[in-house]
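A, B, C and D are the chain letters, set down in written order, and residue numbers restart from 1 in every chain.
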Amino acid sequence: MIEADAVSLRRRVYEQLEPSCRSSGLSPVNRLIVVAILAITFIAIVDTEPLVQVRYGAAIGAAEIGFGLFFLTEYLARLWVAVENPVFGSGLRGRLRFMVSPGGLIDLVAVVVTLAPFIAGNALALRVFRLLRILTLARLGRMSSAMRHLTEAVSSRRYELTLTVVLALGVMVVGASALWLAEGEAQPDKFGSIPRSLWWAVVTLTTIGYGDVFPVTPIGKVFAGLVAVAGIGLISLPTGILAAAFSDAVQREREGR
Amino acid sequence: MIEADAVSLRRRVYEQLEPSCRSSGLSPVNRLIVVAILAITFIAIVDTEPLVQVRYGAAIGAAEIGFGLFFLTEYLARLWVAVENPVFGSGLRGRLRFMVSPGGLIDLVAVVVTLAPFIAGNALALRVFRLLRILTLARLGRMSSAMRHLTEAVSSRRYELTLTVVLALGVMVVGASALWLAEGEAQPDKFGSIPRSLWWAVVTLTTIGYGDVFPVTPIGKVFAGLVAVAGIGLISLPTGILAAAFSDAVQREREGR
Amino acid sequence: MIEADAVSLRRRVYEQLEPSCRSSGLSPVNRLIVVAILAITFIAIVDTEPLVQVRYGAAIGAAEIGFGLFFLTEYLARLWVAVENPVFGSGLRGRLRFMVSPGGLIDLVAVVVTLAPFIAGNALALRVFRLLRILTLARLGRMSSAMRHLTEAVSSRRYELTLTVVLALGVMVVGASALWLAEGEAQPDKFGSIPRSLWWAVVTLTTIGYGDVFPVTPIGKVFAGLVAVAGIGLISLPTGILAAAFSDAVQREREGR
Amino acid sequence: MIEADAVSLRRRVYEQLEPSCRSSGLSPVNRLIVVAILAITFIAIVDTEPLVQVRYGAAIGAAEIGFGLFFLTEYLARLWVAVENPVFGSGLRGRLRFMVSPGGLIDLVAVVVTLAPFIAGNALALRVFRLLRILTLARLGRMSSAMRHLTEAVSSRRYELTLTVVLALGVMVVGASALWLAEGEAQPDKFGSIPRSLWWAVVTLTTIGYGDVFPVTPIGKVFAGLVAVAGIGLISLPTGILAAAFSDAVQREREGR
């Protein structure tokens, strides 16, 4: 009788934790988890700012422990109810399968990086460690359908996307080579080799144009103008294809509902 | 008899003032109001320029009083005819409902900020006050169908727009984190924390590229190149979806006519 | 007999000069005229460069006289055959109607500005004068169907284009006001008034981003980021609509053929 | 008997080397060749970097000889099997036809530039020579269908593309002339002639905006703002048309399969 109650409780907890159990929207528990993920990400972002660290360091540390315990509880609950998920199967095996599944590993990493912020010793390790905390955002992927739509969009047009991305890279290499030829002598530190010119090609063909590198000789300007006018059209091909594919993927699902 | 005349006059004034009474276009009175709104906005804009203020300050002050009286007359007229509008209902109640409706409040604010330009004491308050005068432009929203189309476009695709905006924000955060990791040591004032790096991410992924912040280390340039090439496609997804939705909304109305 | 020959010659010259006489492509004479227009435009462009003027001034002067006589001959021929065009009608009246038609006036201006390059006295007048020579390019409009398609595209979507352009201007004004409020104190020469901030808004929302003006205060950066992210989508609406309309206009004509 | 074996071997080698023999994908030999082309291109790119040359010069030289021998073997094999290709025909004539075909010439150039990197004497010749090695990338065009799709897309819309490119060039010339008029006096080195102003027009209308040239006078800023707002829409017309045409070309092929 008690066992039956435990099973029924486990079933209800599972239904609260597993987004795919609901046809649309998120359960109250999952909404709370989304809020917690956004909050810990926000904290992880502002915590990198030295001015904030000095002033609110203690409060942030306390909040991190609080959120860490919350995520630990969530992880243990997910581990407990994993056997309800037909994907993992029953028994200890099901729980082990959950632990080594991509979702389970991300959940575990999220717990560890939130609870143990003082492990890392030197500055670079600390930075990487903090970055991992921001990647907790990836947990949102499981909650939403955006990732699925994007994956679907990419895979449905992977042929066009591959072709246009290769074409765009080819345009960048050819453009960088042209400027290396034209400007290499005049600005050896900026255009003295093709790898150096590639930075110019990226900044120009994406139309960012920081202004740290640009041609100064007349022939370099003519080449740059031709590369820019001809290349920007080719560079924007993958973007346009991706946008159309994403729109289609969402549309298809809506009609399928 | 006189009362009946007053009612019929009120009805005619209402038909002149309420844009939704006409199937298309604007009544002569509303055209005049649109011109007045554009004129006072133009005056409010150039009035912020010190060189203009010194030379034409008196003329601008006189124009403001003139337009203020015009808007006051209009507001009183709208208040008088509000009872003709079935939305507000008849009697004093209808007029009070008009006064507290969003449109009525904007109209009132427009009168106040145009007629009382010398209320504010210190510099910042004066600035905010002047800004309110420019927001008089919002009154144009009631006249045109652009706002309605845009609202319709946003709400018809709110699912895609939310997903892509969240994705775009995620890309910005991840890009900022990558550059903070790569450039934080070399340029601590520009990439020393993720919030600081976010300014770089915004300026880069929107392809503005002012040139005030950019990576200088080779590894930072490689990261920035990857973030830019991969991210710009994702950032432009909401823009494309919004443009398509707006086009559709206008098209639908045209066919419905 | 001679008169009949003259009429028949006039008819044949007219068929050579009037592009609309042919269902597609250009007559040999019109091709020659197109080449002459491109050549004189190219000369007019490089002639503004002091280094070129010093070295090739004499040759350019001779070329200008040559092309001027060519255009004069063409203009006289068009005047002679204008009576063949049913639009203008026969006799002296038809020729006068041609002379005052937009096309006829542009042709006359092209002759005058090519033949009389030394009329202008001071530097600014000389500049304006030279600019007129470049506007000879407008004569190409009569030859091609691009202008017609573009006009058609604009007029078929003039409602959407007007709405989105007004919206874009509104976004610029609101964005400029926001930055004037946030940065006016810190950078009075760049954001000290809304007209000054408008330069920032144009450079930012078109994503040009020269880097001559950008926010430096934290609050200014936050405002600028919000304006950029929200505004760029709205600014690109007219561009997208125009591109779609142009494509449609060309498509329609192709199917109609 | 031996001859028959040789023919059958030649046939099999031909089927490995000629991409059009397979309905989809690439043969193992062609995959290897693609990898070799990418590797030698990568080597050619990093080899232009002085820092890399100093440290890994010897290894790069050895790799170049290795890849050169590989391409030489491939070229001889292609020459041998050319007679299997009905395009070239049989016998010595078929082989000669292969040698002078565009594909055959590119293959030969690829062998020569890879095997003989020390021919060139002075710096510029060496640069051009190295550039040729990067153009080996063009050999990938034969392997993939991207080039064919792009060519098809361009030719199917060549009318619209020509019109819009001419329009874009016209907008650039008119924009450059406007800024030359407005800013020529204030910044003679940057806007002193229309050819100089054209650099501004290219950098602005592609929205790159390096920040090396921008208007400084109020009238110049007003002109630049108008040119930018009006011009960017026209400049992006060819890009949009190309993207749509490319998408259509790929779609058509997929449906045709």
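Of note:
We adopt the following convention: contacts are C-beta pairs under 8 Å (C-beta built on N, C-alpha and C of every residue); 3 or more make two chains touch, one makes a residue touch a chain.
Note that the coordinates shown come from a computational prediction; the quantities given were computed from them, not determined experimentally.
Taking the CA centroid of subunit C as reference, the farthest chain centroid is that of A. Same interface as A-D, judged by over half of the contact pairs sharing residue numbers, among the pairs C-D, B-D or A-C: C-D.
Under half of the residue numbers at the interface between copies subunit A and subunit B are found on both sides, making the touching surfaces mostly different.
Chain pair with the larger contact count among B-C and B-D is B-C, by C-beta pairs in contact.
Centre to centre, using the average C-alpha position, subunit B and subunit D are separated by 46 Å. The distance from the centre of subunit B to the centre of subunit C, each centre being the mean of the chain's C-alpha atoms, comes to 32 Å. Contact of a single residue of subunit D with at least two other chains is seen at positions 207-211, 240, 244. If you draw each protein chain as a dot and join the dots that touch, every dot ends up joined to every other dot. Of all residues in subunit C, those touching subunit B in their complex are 159-160, 163-164, 166-167, 170, 173-174, 177, 180-181, 184-185, 192-196, 198, 204, 207-211, 214, 221, 224-225, 228-229, 232-234, 236-237, 240-241, 244.
The touching residues of subunit A, counted against subunit B in their complex, run 41, 45-46, 48-50, 52, 123, 127-128, 131, 134-135, 137, 140, 144-146, 149-150, 168, 198-199, 202-203, 206-212, 238-240, 242-244, 246-247, 250.
Residues 207-211 of subunit D are the ones that touch subunit B when the two sit in their complex.
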